[in-house]
Amino acid sequence: MSAIDPAFTALPIPSPAASSRSIARRILGRAARSTEFRIGLALFAILLLAAAVYPELSGIDPTKMDVRARLLPPLFMGDKWSWAHPLGTDQIGRDMLVRSVVGLRYSFLIGVASVAVTLLIGCVLGAVAGYFGGRVDTLAMRVTDAQLSIPMIILAIAVLGVSRPTIPAIILVLGLSNWPVYARVMRSVVMAERGREYVRAAQVSGATHARIILTLLIPLLAPPILLTSILDVARMMIFESTLGFLGLGVQPPTPTFGNIIADGRKYLLNAWWIATMPGVFLCLTLTSINLIGAAFERARNTIYGGV
Amino acid sequence: MADMIDRRRILLGGAAVAGAGFVQINPDFLISSAYAQSGKEMVFLSAENITGNWDPTAHTTLSQKNIEGYVMGFLTRTPMKLEDPGAVVYELATDIKLLDPHRLQIKLRNDIVFHDGKPFKAEDVKATFEYGSKPDRPAQWYPGPSETLTIEMPDDYTVIVDTSKGGYPAHLFIFLASFLPIMSAKDVAGGPGGPLTQRLNGTGPFKFVEQRGNATILAAFDGYFRGKPAIPGISFNFVGDSTTRMLSLMNGQASIVERLEPEQVETVKGNPKLTTNEVVSVENKYLWFRCSKPPFNDPRVRLAACHAIDRSLILDLLGSAGHASANYVSPVKFGYVDLKNYPAFDPDKCQAMLAEAGFPKGAGLPPLEYITSVGFYPKTKEYGEVITSMLNDQGFKVSLTVLEPAAWNEQLYHRPGGGPGHMVDCGWSTGSPEPDLILRTHFHSSSHRICGVEDAEIDASLDKERNAATLEERKTILQTETMPLLASKVPALSLFTSVMIHAMQKDLTGLYIYPDGSIDASKPA
Amino acid sequence: MAAAVLSVRNLSVDLALAGRERPILKDISFDMRPREIVGVVGASGSGKTVLSKAVVNWIEAPLAIRGGEVRFRDRDILAMAPGEMRRLRRDVAYVGANPMGALDPTLPVGRQIVEKIRAVAPEIGGAEAARRVVELLEAVRIPSAKARFHDYPSQFSGGMMQRALIVDAMVSNPTLLVADNVTQPLDVTVAAQVIRLMRELTERFETAVLFVSSSLPVAREAASRILVIDDGRLVEEQPTEALIASPRHPYTRELVSQVPAIWREAPAVPRGSNAERSAVVSLNDVSQTYRVRKRGAFAGASELRAVRRVTFDVFKGDSFAVVGESGCGKSTLMRLLSRLERPAGGEVLCEGQDISKLSGAGLLAFRRKLQLVLQDPFDSLPPRTAIGRMLEIPLRVHGWRDAGRIREKVRAVMNDVGLPDALYEELPTGLSAGQRQRVNVARAMVLDPEILLMDETLSALDQTEQFKLLALFEKLQREHSLTYIFISHDLAMVRKACNRIAVMYLGEVVELADNDRLFFDPGHPYTKALLSAMPTLEERRYRPEDCLLEGEPPSPIDLPTGCSFRSRCPQAFDRCVRENPLLTARGRTDLSSCHLVSSPSAIAAERASRSTGT
Amino acid sequence: MLGAPNGRDGVRSPMFVLSFLIRRLAQGAVIIFLVSLLIFTLLRVVPGDPVRLMAGGMAPEALIEEIATKMGLRDPIVVQFGRYMGKVVQGDLGQSFVRPANGAATGGASFNDATRGERAEVLDLILETLPMTLQLAATALAIALVFSTALGVAAGLNPGGWIDKLAFYVSSVFISLPNFWLGIVLALLLSVKLGWLPAIGYAGYSYTILPAIVLAVELSPVLIRTLSSAVAAQMGQSYVAIGHVRGLTLPRIVLNHALRNASVPLLNVLGVQFSSLLGGVIIVEYIFDYPGLGLLTINAVLQRDFPLIQGIAIVTSAIFVLINILVDLAATSIDPRLEY
């Protein structure tokens, strides 16, 4: 790596004061200093808090319907709005705010869990393929191709048809149908890394392949992949609504963004807020996580990059 | 699917003499001349797909019946208006007369030609009746198989239907005449798999041109006996999604769309270019109990469930898509009456019934599954959720399963040992005033259609009303015995009567729409 | 005296990081005349690379010009508009130290050079440009230049790529060429070729060359005048020979003194008779073969014979060296020795045990015994792991559990190799190459091994750091009675540090000898070629004109018949085509495989010597 | 150092392409075979007897069994699969359970109808609708690529700059838009309110644009993200910095080199995205009543038309496999270092 400019490599050793803290804490500290991180965190905290306590605190049951007060618009819109329902009500008179935040809970659960499944399968398979190469690689990549070529909808019909469309089944379907992306990315980065000398050093120190993959490569390569997977959390939450659209979504009365959007779609012309609110919450959640993630990434790069 | 018209010989047996009350009005089948003058073809967006087999006796599909409504001729039409459900309007027939309980004489017009040029004669009616009543025809809505029928043709324009071999009353053909499309004897001679399946050939105002993907193309028929329609053609399209249909109407691509959501009615009303047509339909929506398995094999549990449901809330939810009714048939059907003992929302009675059945406050009841569909009828999922929560409020343990139509359809019907789940949502629509198309189909022990109820008392009452000698007598039995009996045993709960809502471009105002959804667009030029 | 083509006046460059500024170059002034080759020498971090970039107006954030001028033909290029500067690129060319990253990997080399010509000299037509490129590729002795024109950068070896980049720089007939550490990544024989080439080109194109190098001997080979830079300052400037003979500045004196002496003095390497000591590592007829998929074939695979029938012993307390150039198989040998791979044939014994048969606890015990120190100071440390943790990992692998004891041990080892405690929680990011190599050594030492395998451990370091690390190695060997196996291409270092040396070429050991014998009486022409190419400050013992090699080694997939060295051997004759010479004893302990070695007794001699030894 | 052997034959020779294609197509055939088996099995374990659907819900059990036996649906799955694949290799994907030859979406007909018209060939149905979907997909891809390239490259050239931030927020918003929501809103806005574009059905190319925009919005976030990071990564490569010193202009470096290199990860992402594009196509075609493969699929699914679902699944997986092979081929011909 002789391209690295000696001017940069010869930085003075950081003062002992800085180095007394562990790297993770330094990254956290640096990230926490950025405005974006604070905005993101504040937003995320508000959403999290709302999702955690608002339904219980307000005492409003997300499944409690009031047919006579249905399709009330959000605050200050039209002339039927009421303080009791700040974001209006849905087609059977349930409070949109409480449904949105409870929906956020379930959708976030679905999004995060299915991305976790995706990451688990994708990263492990990709890492194994990239690390060992050769036949293992060919086999793993063709399995990936095969998975890629099965349309998600077929998988969804099959799996969700066999079991009732419960949340775990939906997580499984979404997770199973999206891992190839990560397998490919992971494979290519692991392939680049496995030739590096520190991997060899670890082998010579006696570390097993599993140990190298798990303790050296995954911690190194996972964070950027995690960051990119944030978009996928949102995508999964949207995919869940596609399943709802096909009648394969989470069954009522459990509110998820997916079924709120899918059901509210019919009312888009008259009651735009039903299908739109989850989208707004989704966008806010995504943006807040993205802001935090981006601040972390920058902090990581600063600490690791030394510049 | 929705339009499950009975295929069995429901009106079989029992002679009776009936004198039908014919109304000699010809509803003014108007459409605005503004639209007609524009010379545009009418684009109709249907919510339901068709079968692809053009033989009218091969299917029971409502959308295809609607197409037949444009293309085919009928002996009579039944406007089925709320104020007079039994009204009949002559079309191909000029007179229908019961000669004796087993002989019905039908006089025909003599100025009609089929679209392929063949003149319409008595042989066509004979061929239609004889072919349609064959036991292998899938859409079995004749009272008996062909061998029980004798059809005489005293002259080219008179038909006498003789049911004496079958032993059932001939008056059953009066209501049937209004929804049996008359086919050409030449086509019928081609037999199953012949020209009948390939295309439609009728005497209606529009002739069939071709099927182009999901669009059925019809063109105005020059030789229509009331004169060539002003609209040059109709394009009948299947578009599954209601929002899509609405958007299409709003941007002017569609002329008329069906099955509006009530909220969409608001939208249309706010749009100066559009108008709506609402008509109380022949279709009631039911909550079917699986009567052959616990706990709903106990009428008290069924009744408890019925008392737990506040139907006024469901109607609120449906808005203009629902019409309050308190009977097992639609108010536009023969024999309808608001039943005094129809179960109303009453938590106390519900609890009392539950306690009586041995499930005080629902304790001891198994978890129940309520199956409904989404995407076909308006608001099934919404009111399904409401009903689920109302039942749960009274101590039932109900979970709602929402299925897309194909899966729901597969789960719908009774099977030996009872069908899937414990309650199913489904509507029943028959394009005829005949009430037995519902009552007997569903509640007679021999049928087991959905609820699978077997009850000797109900059977006896159903037989009694069918065998009544006259329509008046039959009406009385229906209204005072059969229907109240059903309301006390509730093998199902009729929730409300659907309102068929169409929206159209304003220049189509006045188009006549029948309660089964078929449309008269035949205004002469 | 001709007018200066380049005048640098009072040039100062800072490193401007958020909040803190640090001068990199301080007040540098010098001149260059046409056709002159000026060497710039300094330690890594002295600022010489920044100087080379400043001369071509390539100073990017966080670097910033703080003052001074770079006058090229009397115009200050630092003040030029970007468009004007771009036109000037025709006359001011640059070649860097990292040839492999310098071109777009997805386009053929020739096309990219043509693109450059057309960018700086639009008047030259495409066909004409292509013709010129091929001509120049031939001039820098790239074999079958016409075909190579269409090859991609990844198909070029490092040496070829560096030559292609020189073509890229010279193709527009520049007046000034800045060559920043161009020979650093190259093998000695190839580096010598490149320097010779550069000298020829200055003659042919009248180009002045600013030759930046971290190695004084290399700069001596190339330049007629040398500037010495220390900590951003120009401390001395003298004609080359005068500078070496009589350095004036203390730093220059230190630099000259640190250059290993090859011929002048006998190095203090560990020595002892084999009879007294036991072999800790023995290779018996070891071969390694790889299967590589043939491109363009359906399912075919070729055999790449990376190591061929290698046999030698390493004795306890030895500093054993394996030398050879890129592709000679020494890295494969390293992998076999460290049991990263199992040999395809033969056996590798460690204290009598065949290591390829080890597994589980036995393997872990072997790993504790033999540790590896890697070549690349940047690549060999996981970039995002703190140094302390990096050193803890091997301990944990070997079953250490007590966090306190682990920490203690790591600190002790860090002290041993001269790393301050403060680095424990630090990332390797800010460390110099020398410090990184210390971390590398520490990582190996933390397991208290008996044998250290040094894979090119010093080759990425500048002279001063090499000097310090060699001292450290000596200390460690003394204190821990270590056995070293160095794998290196640097004969000067080997001369200084090792007692026994194996020379490899194309997977075979072509010569195996004790230090003095190898340097003063090499038995194989390849050894001689290596020695002749070795940059040094002393008078040469072997004249490059007689021994220097042309071209590159053949591919290990299609080995030539007979002697594999014959395609480059200046003394090759008929017999070399027919038969591959055996390793032949020259005296008691030394062997060489060349038909010109007189003794007929074959490999048995080595076997015999071993049996007496053990 | 052990380098890859230097092929002297010019890396992307026709020979290489041919061998690559033959090798990958052979693997692809195996993949399609396995995927077909999987799909075939999955569709047979789904509850819901297709025969009950075909025969109509009211059909008696005996009739259902009779039909099932006659159609071989009670044979072991392997036997059924063997029979099916035997026909598939002859280009016969079977006949739709419910669709007539004239192609209309149908429902409600009963199976035991001797007079039913000719059933539609699955292959014909697919071949009829596939070009429509390909047209839609190509338009969507073109829109997405133009948009994402403009935004992604601008963002990648200036990481941390305002365009980068804009790209970040645009991606966030785009990804939060459910496609059916966006479809309706766009149809309302562009078709109903402004009357710029037709929306529903198909009667000319202009009907493709609106659905294509919706799909493009769905595709863009990932493309923007990939492109901006790939371009940013390429701009940090030494050949870019050295390119300046070699006298190349910035546009030249970006267009000729950085974009060329950045297109490799982009291609990989595209290959993967095609698969999830089908999900979007289904919804969008349904919303816009666009007569393509997506609409065919959703109708087949809603009607449980198993031969059709199966045929579509096999054809689409074959297409995906092909696309991925082509993507890999394109990637290797851009970057000769890649090995697939």
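Order of writing sets the chain letters: A, B, C and D. Residues in each chain are counted from 1.
By definition in this document, contacts are C-beta pairs under 8 Å (C-beta built on N, C-alpha and C of every residue); 3 or more make two chains touch, one makes a residue touch a chain.
Source: prediction; values computed, not measured.
Student: Name whichever of A-B and A-C has more C-beta pairs touching across its two chains.
Tutor: Between the chain pairs A-C and A-B, A-C carries more contacts.
Student: Work out per-chain C-alpha centres and flag the one nearest the whole-protein C-alpha centre.
Tutor: Minimum centroid-to-centroid distance belongs to D.
Student: Could you state the distance in Å from the CA-based centre of subunit A to that of subunit B?
Tutor: That gives a centre separation of 49 Å.
Student: Report the inter-chain centroid distance for subunit B and subunit C in whole angstrom, where each centroid is the mean of the CA atoms.
Tutor: 90
Student: What's the distance between the Cα centroids of subunit B and subunit D, rounded to whole Å?
Tutor: Chain centroid spacing, subunit B to subunit D, equals 41 Å.
Student: On subunit B, where are the residues touching two or more other chains?
Tutor: In subunit B, the residues touching two or more other chains are 243, 375, 404, 407.
Student: Give me the residues of subunit A that touch two or more other chains.
Tutor: 3, 161, 246, 265, 268-269 - these are the residues of subunit A that touch more than one other chain.
Student: What positions in subunit C touch 2 or more of the other chains?
Tutor: 96, 98, 101, in rising order.
Student: Following the definition at the start, I'd like every touching pair of chains, please.
Tutor: Between chains, contact exists in these pairs: A-B, A-C, A-D, B-D, C-D.
Student: Given the complex with subunit C, which residues does subunit A contribute to the contact?
Tutor: Listed in rising order, the residues of subunit A that touch subunit C are 1-14, 16, 19-23, 196-198, 200-207, 211, 215-216, 219-220, 300, 303-307.
Student: Residues of subunit B touching subunit D in their complex?
Tutor: Against subunit D, the touching part of subunit B is residues 1, 3-4, 7, 48-55, 58-61, 64, 136, 138, 192-194, 196-198, 211, 213-214, 216, 237-241, 243-244, 247-248, 250-251, 253-254, 375, 404-407, 409-413, 415-416, 449.
Student: Which subunit D residues qualify as touching subunit C in the complex?
Tutor: Residue list for subunit D touching subunit C: 1-11, 13, 15-16, 19, 22-23, 237-239, 241-249, 252, 256-257, 260-261, 264, 334-337, 339.
Student: Touching subunit B in the complex: which residues of subunit A?
Tutor: Going through subunit A, the ones touching subunit B are 63, 65, 67-68, 70-71, 91-92, 161, 164, 246-248, 251-253, 263, 265-271.
Student: Write out the stretch or stretches of subunit D touching subunit A in their complex.
Tutor: Its residues touching subunit A are 27-28, 30-32, 34-35, 38-39, 42-43, 45-48, 168-169, 171-173, 175-181, 184-185, 188, 221-222, 225, 238, 268-269, 271-272, 275-276, 278-279, 282-283, 297-298, 301, 309, 312-313, 316-318, 320-321, 324, 340.
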